[in-house]
Amino acid sequence: MSSATEPATEIRYIDALNAGMATAIEEDERVVLIGIDVGASGGIFRVTKGLFDRFGPERVIDTPISEMGFVGAAVGAAMTGLRPIVEIMFMDFVGVCMDPILNQAAKLRYMTAGALEIPVVFRMQTGAGKSAGAQHSQSLEAWFAHIPGLKVVMPATVADARDLLLESVRDPNPVVFVENRRLYASKGDVEADPLPLGKARVAQAGDDVTVVTWGQMLRRCLAAADEGPASLEVIDLRSLVPLDMETVIESVQRTGRLLIVHEAVQDFGAGAEIAARVGDQLFDELRTPVRRLGAPSVPMPFSPDLERALLPTSKAISAAAQALKAEG
Amino acid sequence: MALIRAFETRVAELYRDGEIPGFVHTSLGQEAVAAGVGGALQDDDYIATTHRGHGHCLARGMDVNGMMAELFARGEGLCHGKGGSMHVADPSQGVLGANAIVGASLPLAVGAGMSSKLLGQGRVAVAFFGEGAVNQGAFHEAANLAAIWDLPTILVCENNVYAEFSDSRTLTRVPSIVERAASYGIEAAIVDGNDVDAVYRRTIDAAARCRDGRGPFLIEAETYRWHGHYEGDAQPYKPEGESEEWREKDPLEISAARLLRSGEAGAEELEGIRAEASERVESAIERARELPAPDPEEAYADVFGD
Amino acid sequence: MSSATEPATEIRYIDALNAGMATAIEEDERVVLIGIDVGASGGIFRVTKGLFDRFGPERVIDTPISEMGFVGAAVGAAMTGLRPIVEIMFMDFVGVCMDPILNQAAKLRYMTAGALEIPVVFRMQTGAGKSAGAQHSQSLEAWFAHIPGLKVVMPATVADARDLLLESVRDPNPVVFVENRRLYASKGDVEADPLPLGKARVAQAGDDVTVVTWGQMLRRCLAAADEGPASLEVIDLRSLVPLDMETVIESVQRTGRLLIVHEAVQDFGAGAEIAARVGDQLFDELRTPVRRLGAPSVPMPFSPDLERALLPTSKAISAAAQALKAEG
Amino acid sequence: MALIRAFETRVAELYRDGEIPGFVHTSLGQEAVAAGVGGALQDDDYIATTHRGHGHCLARGMDVNGMMAELFARGEGLCHGKGGSMHVADPSQGVLGANAIVGASLPLAVGAGMSSKLLGQGRVAVAFFGEGAVNQGAFHEAANLAAIWDLPTILVCENNVYAEFSDSRTLTRVPSIVERAASYGIEAAIVDGNDVDAVYRRTIDAAARCRDGRGPFLIEAETYRWHGHYEGDAQPYKPEGESEEWREKDPLEISAARLLRSGEAGAEELEGIRAEASERVESAIERARELPAPDPEEAYADVFGD
């Protein structure tokens, strides 16, 4: 279905995730995929489509609705030789299975002085804007970033969906891998511009205002950059842990202005950490205060109209960036 | 049941046509459980339910207009458009809400049972849940608590064969929920979930036990999900012929046949009930279509009370 | 055991908590206390001592080890007329019972447009520095502050232990009430300087550097203030939600310098939010960058020596404050 | 058993005297469970255990010196002083660690069972847990998973009567863990947890089943916690005479008497075993006392691997 101008490697984000998993399962016999309906039916969003047929029930494992049990089992399996990819269907569901992530996966390497290695990927998706309601729309990446011992990865592009997933599986550490379901159908070049896990990407170069973002907000930030007239440098963070402050600092040193945009609730969100660091490290170089744009402190409402009004729009991003430029 | 059938049938269509946003899970084929339990409860009893909760709410007497408006995400919806299908609630009717977290209804209903017991109110709390939810820790912990605290809580498991796309019998070695109840010392009974009278009688008994202070009871209602897990699910995982078999056991038909046989109702009367149900639903739809979206201020209201 | 100079109202933090609960249970028949061994045995730290004997098993309720069940039940009870105080023994244990806090208590008032009121207090304790290990030493207040719909309260003084607990029980909203076990044995005047929930306290007035803190770090900050020579204004935040930025802003406007100190891991911690806000709002008034002092991004080790080295000391706080003063 | 007894006795004293920091939970009185299970396992089998895990670790062959040094929080401790009593581990011995979260050992051992099965290793994974942990959702979910996946996982419940300060029989209507196992389709057996031979035989059987691919087994070992929940707990909640009764069923005495009766060992030999155990523990203590605290750099090591 690709149009004439698309490169041959133009695919959907969701297919890139699928390809990443397929390669991971294929290249290493220790990799298994575990989750509710990830098997024969290909997953609730069809992300794992075809993998069960291709690799069989020993590698692609359906589970009961028992997240505490199967996420914990994935962690135990990772300690003993497997390299599980475990799917938590919605990020909000970590409420029923946080312990194996918080107290087991994140801590056992440390508590055993490195004797245990825990190569597990916790796949989960978020993405407000589909009227999924308050219990199916949360972006909780800040929680995981606050827990030492977890990597936190959030691909925003098709290429990253595949490449970062593969890197996460190959990583010897527990990785929280956050997909955005608003991006599942989006298309892009899967071979574009590879970068290792841990490096932020300058998605759009610019001079006036640095805009740091991740996840579905990347597209809105790029749209804001297109609007002009201020010249925005848009940085896709790609992972919160590791946090590539170097790329951010280098950019803000040039622009003197920083806007941080994320889908998660702004208060006590991950943007605060970046703002705090830049405020500290570039105190003398900032021309204007560091600004943040996230969701307000309310649960996500069901109504599409209300929901739309709570998420940063490209207009709001553009306006915030222009305002920064006008300020100093 | 006629109301639930009419409501769910139209909701499925409206969702398909893009008039209802979000996720929608209908209870078509399972109406007898909702109606049987709902009919057996008293006005001030509580229910806590699931993502598949429309029927339970309607049977509890929830306002059809308010509910439809909520599904349409209107400002005059029961939850002002902030809940939606998966979270529709009306505490004034004892409905603590549909709930989009599998298993969550159980601890909540245990808590409602605590309130009733400790405040000496004689109210019964019902937790609806699917057979898929039984594998969640929340089921296990809640069942045990209800048992040791002798709470007036009825655990109603709607065993509709599937949890999402999986046959639930493959997800445990002991598919009988009644057997599981025994491991908490909870008395339980299987009931034909497509027979509204059977469900009703069981619930009446269970509620009487609860009000007598004899603690919780678990009802396993055997039924079947006619539609997909959510609207739009093509259900490739269902074996051929299974749906048809279950459609023959249509709870509405079973009940209608019985009423006709016993002479409790005539064909015309039944037709009238169906027609009225349909009318109520259609009028709720018309009304909902005309209603405005919530006031933008609504997004910021009700986070905290003071 | 009070010495001659102590006022008659000098008691321990733990007794103040106990008194707060006793008053709450006494004044409102809807208040119940629920938790593991909170009853006859008076709790693992003896915080609830005597309450069972005084109020009986209908008001002070022992539970099995089933946090998901009894925390969820407390939320359900709060929706239906009771006002439960539920104890989660260690804050780290939220890993097994987050859903009723995250997805139920925090959201159901909103999702029902105010039709459900959920007056529940989640008591939990934290407090590193006792060699309790990585699974019993975490400060996760930032998690709760990031979730709209929860109040987050952290008493640091004896008077607040009692008064804020009482206010939390009287509050119509879900409150996460974080005790610090390092303070349990500390003594103070229970009648000192009452302030409502939502107001920060200027625990020590000063001119050079504003120090914002909460929990056990308050004492270290006060000790640092005593060290001099810089004059520190120490603010005890008392609650993260509501967040009393007014008091913070007013102080920093005078001092021009801000240091934030907390026991939790610094990265993506609650201090970042305060730093981000002050950096934004007082961009032109800050004389020096906003600095933070928290635990480094590692799990808390068992060894007392290692643990000690990870928590901010009064020396380190003092040094950071002096450095700020020297900077500008 | 002699080694566990000597170790725990001295650890209790050292903790009381402030030589060991943190929280300590000893397994005095429960030695036969650890020894019986430990003796029945093969070298490459796995165990995952609890806050009360010293005995299980020692029976698995964990280095006494390294363990004691760890409890003393020394840099040469098995976990470099970063784990401690509640987290002592030695994966090279198949010990996935003590664990301070009640119920956490179960999913971990299920995962170890998955590894063994999927990698075709024939290794058995044991989850130790207390009877108090059975009320946790993690137990429920893990048991079900082990059953449906036919995993080589043995669930060993040490029923020592108390969960913290509560008599566990008051925390459920069905105190029999074996009955609960049935609700997952898991075969199970009660065993006298103070009889090391009985525990050993049961474990041998269960492990053989596992290796044959016949799935999990649950062992409920009835025993008793001599000391408080943690060291320092005065145990006012224990009924008078109960402790004394159980002390008469001292697992070491029972085993010694049997060996003497059967002639398998003489009094001197047994004395020698005890003396050697005591010596090993004393020498571990002496050694640990002399060792330095961890290098400060240690605090920052091992957060991530690369």
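Each chain carries a letter (A, B, C and D) given by its place in the written order, and its residues are counted from 1.
To be clear about the criterion, a contact is a pair of C-beta atoms (placed from the backbone, for glycine too) under 8 Å apart; a residue touches a chain by one contact, two chains touch by 3 or more.
Keep in mind the model is a prediction, meaning the values are calculated, not measured.
S.K.: From chain A, what is the lowest number of touch steps before chain C is reached?
M.R.: 1
S.K.: Write down the chain pair with more C-beta contact pairs when A-B is set against B-C.
M.R.: Answer by contact count: B-C.
S.K.: Give, as an integer number of Å, the spacing between the C-alpha centres of chain D and chain C.
M.R.: Those two chain centres are 35 Å apart.
S.K.: Using CA atom averages as chain centres, what separation in Å is found between chain B and chain C?
M.R.: Measuring from centre to centre gives 40 Å for this pair.
S.K.: Just how far, in Å, is the C-alpha centre of chain D from the one of chain B?
M.R.: So the centre of chain B lies 45 Å away from the centre of chain D.
S.K.: List, in ascending order, every residue of chain C touching at least 2 other chains.
M.R.: 63-64, 66-69, 92, 95-96, 99-100, 103, 110-111, 133-135, 148-149, 296-299, 301-302, in rising order.
S.K.: Could you say which residues in chain D touch two or more other chains, in rising order?
M.R.: Those would be 79, 82-83, 87, 99-101, 135-138, 140-141, 144, 148, 170-172, 298, 303.
S.K.: Could you tell me which shape the graph of touching chains takes: line, ring, star, complete or other?
M.R.: complete
S.K.: For chain D, which residues count as touching chain C in their complex?
M.R.: Contact set of chain D toward chain C: 21-23, 73, 79, 81-84, 86-87, 99-103, 132-133, 135-138, 163-166, 170-172, 236-237, 293-294, 296, 298-300, 303.
S.K.: So in the complex, the part of chain D that touches chain B is made up of which residues?
M.R.: Contacts found on chain D: 135-141, 144, 147-148, 170-174, 179-180, 182-186.
S.K.: Write out the stretch or stretches of chain A touching chain D in their complex.
M.R.: 30, 32, 58, 63-64, 66-82, 84, 99-100, 103-104, 108-117, 148-149, 151, 172-173
S.K.: Note which residues of chain C are touching chain D in the complex, please.
M.R.: 36-37, 40-41, 44, 62-69, 92-93, 95-96, 130-136, 296-299, 301-306, 309-310
S.K.: Which bits of chain B are touching chain C when the two form their complex?
M.R.: Within the complex, chain B touches chain C at residues 46, 48, 78-80, 82-83, 87, 89-92, 96-97, 99-101, 104, 106-112, 114-116, 118-119, 121, 125, 137-138, 140-142, 144-145, 148-149, 298, 301-306.
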